[in-house]
Amino acid sequence: MTKTRVEAFSDGVIAIIITIMVLEMKVPHEASWEALEKLWPVFLSYVVSFMMLGIYWGNHHHLVHSIKEVNGSVMWANLHLLFWLSLIPFASGWMGENHFEPKTLAVYALLLNFCGVAYYILLKVIQSCNRNNETFRIVLEKQSKKGMLSMVLYTLAIPAAFLHAAIAGSIIIIVAILWLIPDRNIEKATKKEH
Amino acid sequence: MTKTRVEAFSDGVIAIIITIMVLEMKVPHEASWEALEKLWPVFLSYVVSFMMLGIYWGNHHHLVHSIKEVNGSVMWANLHLLFWLSLIPFASGWMGENHFEPKTLAVYALLLNFCGVAYYILLKVIQSCNRNNETFRIVLEKQSKKGMLSMVLYTLAIPAAFLHAAIAGSIIIIVAILWLIPDRNIEKATKKEH
Amino acid sequence: MTKTRVEAFSDGVIAIIITIMVLEMKVPHEASWEALEKLWPVFLSYVVSFMMLGIYWGNHHHLVHSIKEVNGSVMWANLHLLFWLSLIPFASGWMGENHFEPKTLAVYALLLNFCGVAYYILLKVIQSCNRNNETFRIVLEKQSKKGMLSMVLYTLAIPAAFLHAAIAGSIIIIVAILWLIPDRNIEKATKKEH
Amino acid sequence: MTKTRVEAFSDGVIAIIITIMVLEMKVPHEASWEALEKLWPVFLSYVVSFMMLGIYWGNHHHLVHSIKEVNGSVMWANLHLLFWLSLIPFASGWMGENHFEPKTLAVYALLLNFCGVAYYILLKVIQSCNRNNETFRIVLEKQSKKGMLSMVLYTLAIPAAFLHAAIAGSIIIIVAILWLIPDRNIEKATKKEH
């Protein structure tokens, strides 16, 4: 029961974050291709942020699916993660509106880093109250490794943003791809369990 | 369990998309009939987009209801569909604000086309991991046929928008009606299953 | 299963409608009591609309709770209701921003009337596919009677708005109170069933 | 069933309230640190309000989790609580935009007080229809005590805001910390029940 409500609340918050981001793409008052063209940086940052939030939703789904119990600490660690995720529309909008200027890209990378840390904390809090579960152990191991690597890459993206926007952007995209590759081990473990 | 969460997340996102669209109808500062009258194109495009999203919700409902299993690929194909659907408020608002100018109508038809393709991909991805289910087979067959026809019509609507707004508009309405006609075969199959 | 998803989607849409209404109350840029005072009509219309939507949620809850089956027609009748409800933030905002001017009040009463009709249609559609259920019969009878009376009163409120805002306002409040009085018959019937 | 829907609706509303608050943090048009720095009061009030809403969600969760039955009065008491919570984004935005001016802080403390009273009413309404449940008795006792103390502190924060913003702010933070300390008694009781 408790677990279901944590899932439902997280789904709700992530669904809203992902959807209100589109409000940053202000409807142009003219019906010209130029007006539409001007929106490309906002659109691009929307695409990237949508993907990022989609990845978090997917991982969160796999993680919570594999556990049995939810306690007060898990609820707070989960809210902490949702807090950082809720700032993505802001950072994404700032970056898009200012055509990926170094500072905005650096802040975006920093925010993604905070989200990563918050996810890692959630992982550890869940670990401390859910032992002896094979599926969870595999999810934990895989997500921990990928999470660590992501944080290293995001940290590199912060100074890289001041060298060239394209470098920082590429690093962020690489992290996304890293997570998009489906994890056969997790899927196999989940299947075996059923 | 997994299936429920995909449904809940999709419901959440579609519910939010459908509702934030109403924010495009800016409250007029004067209490005159003229101020209200000026809103008719925005209102009309709201009605059409509401209907479109309602149809997607209904189809999505029938589709996911008929399947047993959800895996990583289904989750991503579903997110891909939600991404295109999330752009409907923007395209709808642009079209309404510019009184159905050819370019805006063409972009709207193009977006509906992308949504259609994304739905078709979801259909195919689901098909590859859910075999041997009679209800699903019927849903798949019907939705594939209608989906194909919709895409052909949407593609026709794009150049038609530059001839006359009314032609493109009519095509889009025809596609909506096509989907609004309840599918007796699907309902019968669903009923039989219970 | 199907019923659950119709409930979840309706809950989502009503929850969002009720919450985005608060966005019409624009944050004043000054920290003065005068700036806050100016917001009272927007606040008052927010309170009334919140109550109205709360009543619809409650009724919808009782109605869908008492039925067994949901088919395509119910889904569409439900979406039709949600469409009219989704316009409440707009009508409410217009009314508040223009200090309950006759025209805005008349439009608000008209919209509530449309919502009432849409609810009545949903009631009838559900009736045609759910027979022989005692709880549902009682809910139906009570809600039909109250619904009829509401529609008569809302229709009276439209011309009344042009006589004096207070008369139309009072009628709308009376309808709200009519629904707020808990229905002992429905609660008893629901209890007996368990 | 009924209980689930009250939970789902409350989750939805709280999730939306928590997320639309971020829209008050308007994306700056310049990519400078100064532009970002100017947002700190809005950001700070966002953090505090996020925490407050998170606490309400957690408490609501524990409260509703411990009960068996939900009736009409509970539904209305719950809606009443959601109404006051829905005003938090407004009060929070006003406070942030005006750099914690005494009046805005006082209004914020007053609103939190109203939320507290509404929660207390919900507690009492639930108590009158759910007897003889050990877990619920413990939740009730603990939350009543903390609730009383919170209301006293919030009431003190109102005049304190006019002395110095920092005093009122500290009181509000103290109340938050009071609730953030996990309640071992509730968790133990919940665990025992399973």
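Each chain carries a letter (A, B, C and D) given by its place in the written order, and its residues are counted from 1.
Throughout what follows, a contact is a pair of C-beta atoms (placed from the backbone, for glycine too) under 8 Å apart; a residue touches a chain by one contact, two chains touch by 3 or more.
The structure presented is a predicted model; accordingly, all values stated were derived computationally and were not measured.
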Proportion of interface numbers common to chain B and chain C (over half same, under half different): different
Chain A-chain C separation of Cα centroids, rounded to whole Å: 37
Gap in Å, rounded to a whole number, between the CA centres of chain B and chain A: 26
Multi-chain contact sites of chain C, meaning residues that touch two or more partners: 8, 12, 16, 20, 23
Graph class of chain-chain contacts, one of line, ring, star, complete, other: ring
Interfacial residue positions of chain D with respect to chain C in the complex: 1-2, 5, 8-9, 12-13, 16-17, 20, 23-24, 71-73, 75-76, 79, 82-83, 86-87, 89-90, 93-94, 97-98, 101-104, 107
Chain B-touching residues of chain A, taken from the complex the two chains share: 7-8, 11-12, 14-16, 18-20, 22-23, 25, 27-33, 36, 47, 50, 54, 57-58, 61, 65, 180, 182-183, 187
